[in-house]
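Chain naming follows the written order as A, B, C, D and E, and within any one chain the residues start at number 1.
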């Protein structure tokens, strides 16, 4: 491991410097790497999934044990259709997320930094936000049929608001002294957006991306499930209507694992773009 | 007075314009699924009678309230814990991310296995969606509290509990409130979704029934109602926000 | 160049109106270096923010080049009292200093050079790639100063810019400011709490009263253009001026009129 | 959508059909496999949707040329003003009590013994105000019970076995393969609602829009014929039906071998459709009375 | 009371290790008042944070009452250099000052009284109900000081606590700290950039070198316990000590050893 990287990992896992922890020239206990901790958490969850169905609480027929689910998963992994479905879902997800994040971030920064626009659009945004994507299914089908745009419409509609609301809150977070500084430097409107509003909103946006990433995944799968466009969701629907619980849970496991992978990606991105932020720079102040 | 008029204009201006656009654009519509707005509005009064409010809307809103309140409490409590305790953060993150990525249509049957099919299940479904924005924002907020403020709290040995309640919680509150704002709309959406399963009444149930029985204007009126509900809740939320975070907003608006 | 005409500012604290600055009138000629002193909380920062177009006056106005200030005037640099918060934590030191240069139409290399030079002048040579929060308080303050001087403004407004640096560095920075001022002919308004500093630096020292603030006294510093940390400061004229300013401030604090 | 624009000149028409991936649509898969569609210059593109929420608007928007839906849903659509027309039969009850593909099931230890006992029970149906609850009410009525107090609850078919076993509902109206799954758990049938509703009840059918049937009657005709042939083939070869289930569903092979197949008559039973319309009207699920003549071919 | 034993601290800047403090060893006896001076960026704040248990040393240790510091020690108050950020913007001034008192088992009335008294001592009487961000920089700094003295600590660590106040107020606060220290017998470590201040206040002045920092000199101030702003400061002994510290700092800055 490069020194830089190991330092980062330490920074991530080391306790805050002010905690009541023995320190000094005594060797400090090596912190457990976060990945290991995460793996331990996953292992615990899987174990719970194995044990729970063996108790009288739930019926293993409807809530299969982890081992049964993993066996079904192994079958799936060997099938080409599974990988095709996965690719379809990922396509819808990635495209939908990209559109939602780009539109949400751009509009959020724009609306957020123009107070009159913000005031004028607030009520409309709040009106549109709670409309469930699932209620739009017939409309999506009517407009785009069962093809990709249909799924995209639902994905973007759901994920967009998450990003927008986060960015709007982030733009509002600009430090008053920093704002004064920018003004006194006579930064242009664009410079102020790029150098003040955007970096301030960035931590908010990152949370928005993490929220939107999973919402997009959820909606991509749901849309496939309901509309029947090809993808993981459709596979889940088939398993569901066939009463194949093991396979259904195996597919859910895949959806969940995608969520975890997506999160890892966003975390890595966060470490890069938020290196300056207290939440990331962590130790060694 | 002028202030009030200005405010009303700001709140109602854009919605009125959009409404008018929709009205005229759909005026001659013969599409089955996109009826004229005039028809939807006429249907609105007929559909959402006092009885429907009593039987469908209010119970739904009550479940929403319960689920939302529980999500706020759980999200903030968990978020504070996870945000402060590093190893817990790393140990729970993948599992939580996993849970977050399970789509409601497959999650709800699982919840039904454990929580039955009554109100408890529906509240649980609402929580399963509302929790995440609050939790994620709380964790992010806790982790971005000003280090100097944390040092101050530590130097005066405020103690875990007081540091949490007097420093970390208010320090993270702008983020927490953002999460709660997000969750509000998600709660309404999950309220509808929860009523697509094992329901016999409710606002979401009614909308789904209209859709299934091809009562399209009624379905649209339900969607309108959802939007109004969301906007109304957001207005209430904004008041609470202004009261709780007045120190935050005033610092940013009072000067200049 | 800068004219302050009957300027005043009220703040509203919990519904009650509190007059921070009652009325101030003075002029700063082109190329002048004026120091402002006054008791803590008398409204120096408020005055500076009004001159910089960051705060609207309640009464009167500030004029730059005869035009009423209603937004930050062109070619003006401000060093804020809260130096830490005025640096952008998401930019490294170099980027922070370079930011205002971006709209001056300089080439990249020119900007680089100016940044390097400004950092060298404040004794932070080679710190371009460091983050602001990796610096000590005094170093952060010097970055803020470097940003202002790299910009080469016509009007330089400074709010206690040397509060966090050690005595030796402070002396060096004082000489730096006097040197830049003399060489480039800029106009400087300099807020300080250090009486010696105000006398050493300024051509004129404005002493403000306690709130509601008015101009208590205006001390002309006839020390001549050539000043030296050892010689000037130990001269009898310096001691006399120093005593004069000190007496005015004490009187101001006691609330005499 | 790709209607029959380039027909007649010997070209092949591609039609898209929205179906639900369940036992009921096995004949279509068989028909494709056997070349019944190809023989009529039709190439079928199947889209497997979860239910009517996507299929009916899909057909209405001519995204699908044909769709598969249950009769009550079609009556509903028709009575609400959607111009839908049935073009071919889909699936029908076997008409034999004890050997149908759908029944109201209760757990082994349930006190409910007959249909009349359902009068005060909570009964799971897949969709409220649809074919399930109207026919179950009829069963209760026939058994001498009062159906007005039945507590119908929406539970998707796949969730019924679990909910029944968890005790969240007293009874569940299950179709294959879930009926077999409940039986495997020890559950037993208490009412045969399809059998009770009408003799040889037509449960579901293939439909299209009036627009398509007017624009391209030839294509509709050929599609109907192909379906009819497929239905006949399915009726004649039940083992082929069980086999083809393995290709588009994940039904476990044991259950696939044991489950009760529905009947696949080639013709829609008009009387039973009228009966369903009457039942629905009696239960007040239609806003306007449906026009059976307009719906049927 | 406070013992610093070979303490050192490295920072990692972009992967490179940078030694801020090499090794420092000194003691502060119970009831002593020690001033620390040194060039900007030499590690004074770092040292103070290690003594306060807020930062882990890389080498060596700080000991309070013979126990190694591994977290903030009991009965210690800290005034931070970043005074503005150490006040909580969601609490009014009174609540900010009162917060640390909450765990001392005082009654509400006692707390109120202590808060009022502390605010009076720093010349902010009656400002309890004001928000911190409605105060000027110097007033904010005085709130932070009031918080520390209301707490009545045994060990008081102050990082340039008078940097933002005017000369007169500064003199008053200096006398306040000396008075509290003499009356209550507390131990004070006081970081400052003002050489006069360090000599006026301290019993001992520690002069730090430039990084990698070591203890450059230790100047004993034999001025006696009674000090007076006018008399003491104009005494020849004062001038001599002042010159001594000044020479050490200059040498430190030039990097001599």
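Just so we're on the same page, a contact is a pair of C-beta atoms (placed from the backbone, for glycine too) under 8 Å apart; a residue touches a chain by one contact, two chains touch by 3 or more.
The shown structure was predicted, so the numbers you read here are calculated from the model rather than taken from an experiment.
Hopping across touching chains, the smallest step count from subunit D to subunit E is 2. Counting contacting C-beta pairs between every two chains, the top pair is A-B. For the pair subunit A and subunit E, the distance between C-alpha centroids works out to 46 Å.
Mean C-alpha position of subunit B lies 48 Å from that of subunit C.
The distance from the centre of subunit C to the centre of subunit D, with each centre set as the mean of the Cα atoms, comes to 83 Å.
Looking at subunit E, one finds that residues 11, 53-54, 71-72, 82, 85, 133 touch two or more other chains. Contacts with at least two other chains are made by residues 33, 113, 146, 151, 154, 196, 211, 251, 255-256 of subunit B.
Contacts with at least two other chains are made by residues 18, 62-63, 138-139, 142, 176, 180, 225-226, 240, 277, 285 of subunit A. Across the complex, subunit B meets subunit D through its residues 32-33, 109, 112-113, 116-117, 196-200, 209, 211-216. If you check the complex, the residues on subunit E that touch subunit B are 49, 52-54, 71-72, 74, 76-78, 80, 82, 85-86, 88-91, 99-100, 102-103, 131, 133, 151. Subunit A makes touch with subunit C in their complex at residues 175, 177-178, 180-181, 183-188, 191, 195-196, 199, 202, 276-277, 281, 285. Every residue of subunit B that touches subunit A in the complex is listed here, in rising order: 10-15, 18, 33-34, 86-87, 90-95, 97-106, 110, 113-114, 132-133, 136-137, 140, 143-147, 150-151, 154, 174-175, 177-178, 181-182, 184-185, 188-189, 192-193, 196, 204, 207, 211, 219, 222-223, 226-231, 233-235, 251-252, 255-256.
Those residues of subunit E whose C-beta lies close enough to touch subunit C in the complex are 11, 13-14, 37-45, 81-82, 84-85, 129-130, 134-139, 142, 160, 163-170, 193-195, 246, 249-250, 253.
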